[in-house]
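Can you read through this structure? Questions will come right after.
So that you can tell them apart, the chains are marked A, B, C and D in the order they are listed, and the count of residues begins at 1 in each.
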Amino acid sequence: MSTAFVTTRRVEFSDTDAAGIVHFVAFFRMMEQAEHDLLRSVGLSVVMHDLAGTVSWPRVSAKCEFTAAARFEDLLEIEVRIARLGKRSITYAHRFLRDGKELATGEITAVCCRIKDGKPPKSIDIPAAMVKKLKPFVPSH
Amino acid sequence: MSTAFVTTRRVEFSDTDAAGIVHFVAFFRMMEQAEHDLLRSVGLSVVMHDLAGTVSWPRVSAKCEFTAAARFEDLLEIEVRIARLGKRSITYAHRFLRDGKELATGEITAVCCRIKDGKPPKSIDIPAAMVKKLKPFVPSH
Amino acid sequence: MSTAFVTTRRVEFSDTDAAGIVHFVAFFRMMEQAEHDLLRSVGLSVVMHDLAGTVSWPRVSAKCEFTAAARFEDLLEIEVRIARLGKRSITYAHRFLRDGKELATGEITAVCCRIKDGKPPKSIDIPAAMVKKLKPFVPSH
Amino acid sequence: MSTAFVTTRRVEFSDTDAAGIVHFVAFFRMMEQAEHDLLRSVGLSVVMHDLAGTVSWPRVSAKCEFTAAARFEDLLEIEVRIARLGKRSITYAHRFLRDGKELATGEITAVCCRIKDGKPPKSIDIPAAMVKKLKPFVPSH
């Protein structure tokens, strides 16, 4: 059983830099976009509103290791798994491929928080309904 | 009497693209940054809060004409004038120079709006205190 | 007969700003992406290599008028027409819609240039094979 | 003796997102900008040309841990140290502060490479003249 969510991104010209390849920060943008695609695929969003206000997911860490360059117009396949589904946080693990060859791997950890205007985000337990929808993406599931 | 506000920006590597020059959208980012530098120089901000909530400046139009390319690490001088100080809107005119040579000119028109969560921005008259601080940047002043 | 090329973009979280809506420079990025989608649809690219080197399309002007805000996760439809197919330049006209409602319109003019390392781009006539492929997108065609 | 290079960045509006805070990828952009500021301060650049062509520094890994949010117009202090000065690679360590309070820490590892058009970057030894200029930023120096 495959537990990876798979999405794709075409490298845009604005993702490249004067070295002629994709600028490294574009990979972080695509990692986040892939996470949001995963959430959207099960009816969730990284910003959700309930009666008590807004629930969102500030990032506490992000990393990426690059093994090969990507170029303008490359079609990248991005695999996303949930490496850890914690009580209040999620670690997403990402893998970038082009024609089956791995280009980069990364991880983002985000914390479930209640957001109120002008106040620091406050961590809360991930709502049970959300946990249920995300479990299929946990490899050990 | 000079009515231009002048600020500078160093071209960052992430502003460049695979053609080896500054990507055109970076000029729009710098135009907005220069506008915000101008506002900050007289104690204003593009997002201000009063008792009634938030006042901000959605853009209704933006344009730029490019006459020469900029490159990584170039130090750009950006002149900003207020081409039109309307009742509810401001048109900023920008000029980019490198070593005294003009690279690009642009304009952004922004409308003074009251912002409320989840509702479309609603235009309001520019507060008198703000008009007073901005008049020195109007060339016909 | 429809002469518009139509493509779509999902608004990403990184396209938004602290006003809660899509930042205006994201529209310029999407305008360029839509132009590149159009070129790709007929087997062309904004950066092409021939025996004599590289042919690319520096922008000489870009503008956009904004009539309504776009928000995170909106699915935008982008129409692209070729407003003017000149001897050495192309003016693309863009229209953004969400659920059939127009949000913004823009234009980008790009010049066909031969690019050599360290030299300013030099304008050339648009190759005949390219003109032929682009004519269907000219409304007056 | 302080071995940190210190630079500053003002948070721009385009760095923020719809959660009202600085988007996490902006930290990676600022980490790279701070590295380039360090290089420029000793007469070096991340892209240098010699008789044999171009020498640049593709990134092989990047990471950042976020402990507090930054907001529009915050003035951030960025400390950069060289955590490891290898034979062919450099690991830069970054620390973001606002009013003396730490907001984030990160690391970028870049490899010294000869760049040739259309070929994968090829790692080379860091030139001796460059090593000499960078040693003062190595804490154990």
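Keep this in mind: contacts are C-beta pairs under 8 Å (C-beta built on N, C-alpha and C of every residue); 3 or more make two chains touch, one makes a residue touch a chain.
Just so it is clear, the structure is predicted and the values come from calculations on it, not from any experiment.
Participant: Among all other chains, pick the one whose mean CA position is farthest from the mean CA position of chain A.
Facilitator: Of all the other chains, the one whose centre lies farthest from chain A is B.
Participant: Could you tell me which pair, A-B or A-D, is linked by more C-beta pairs in contact?
Facilitator: A-D
Participant: Centroid from C-alpha atoms only, then distance chain B to chain D, rounded to Å. What do you get?
Facilitator: One centre to the other, that is 28 Å.
Participant: Counting in whole Å, what is the centre-to-centre distance of chain A and chain D, each centre being its mean C-alpha position?
Facilitator: 24
Participant: How big is the gap, in whole Å, between where the Cα atoms of chain A centre and where those of chain B centre?
Facilitator: Roughly 33 Å, centre to centre.
Participant: At which residue positions does chain A touch at least two other chains?
Facilitator: Residue numbers touching two or more other chains: 13-14, 18, 20-21, 25, 29, 32, 47, 72.
Participant: Linking chains that touch, what shape results: line, ring, star, complete or other?
Facilitator: Shape = complete; every chain linked to every other.
Participant: Which of the residues in chain B end up touching chain C in this complex?
Facilitator: Chain B reaches chain C through residues 18-21, 24-25, 28-29, 32, 47, 56, 58-69, 115, 117, 120-121.
Participant: List the residues on chain D that touch chain B in their complex, please.
Facilitator: 12-14, 29, 32-33, 36, 40, 45-47, 72-73
Participant: Give the list of chain C residues in touch with chain D in this complex.
Facilitator: Where chain C meets chain D, its residues are 13-14, 16-18, 20-21, 23, 25, 71-72.
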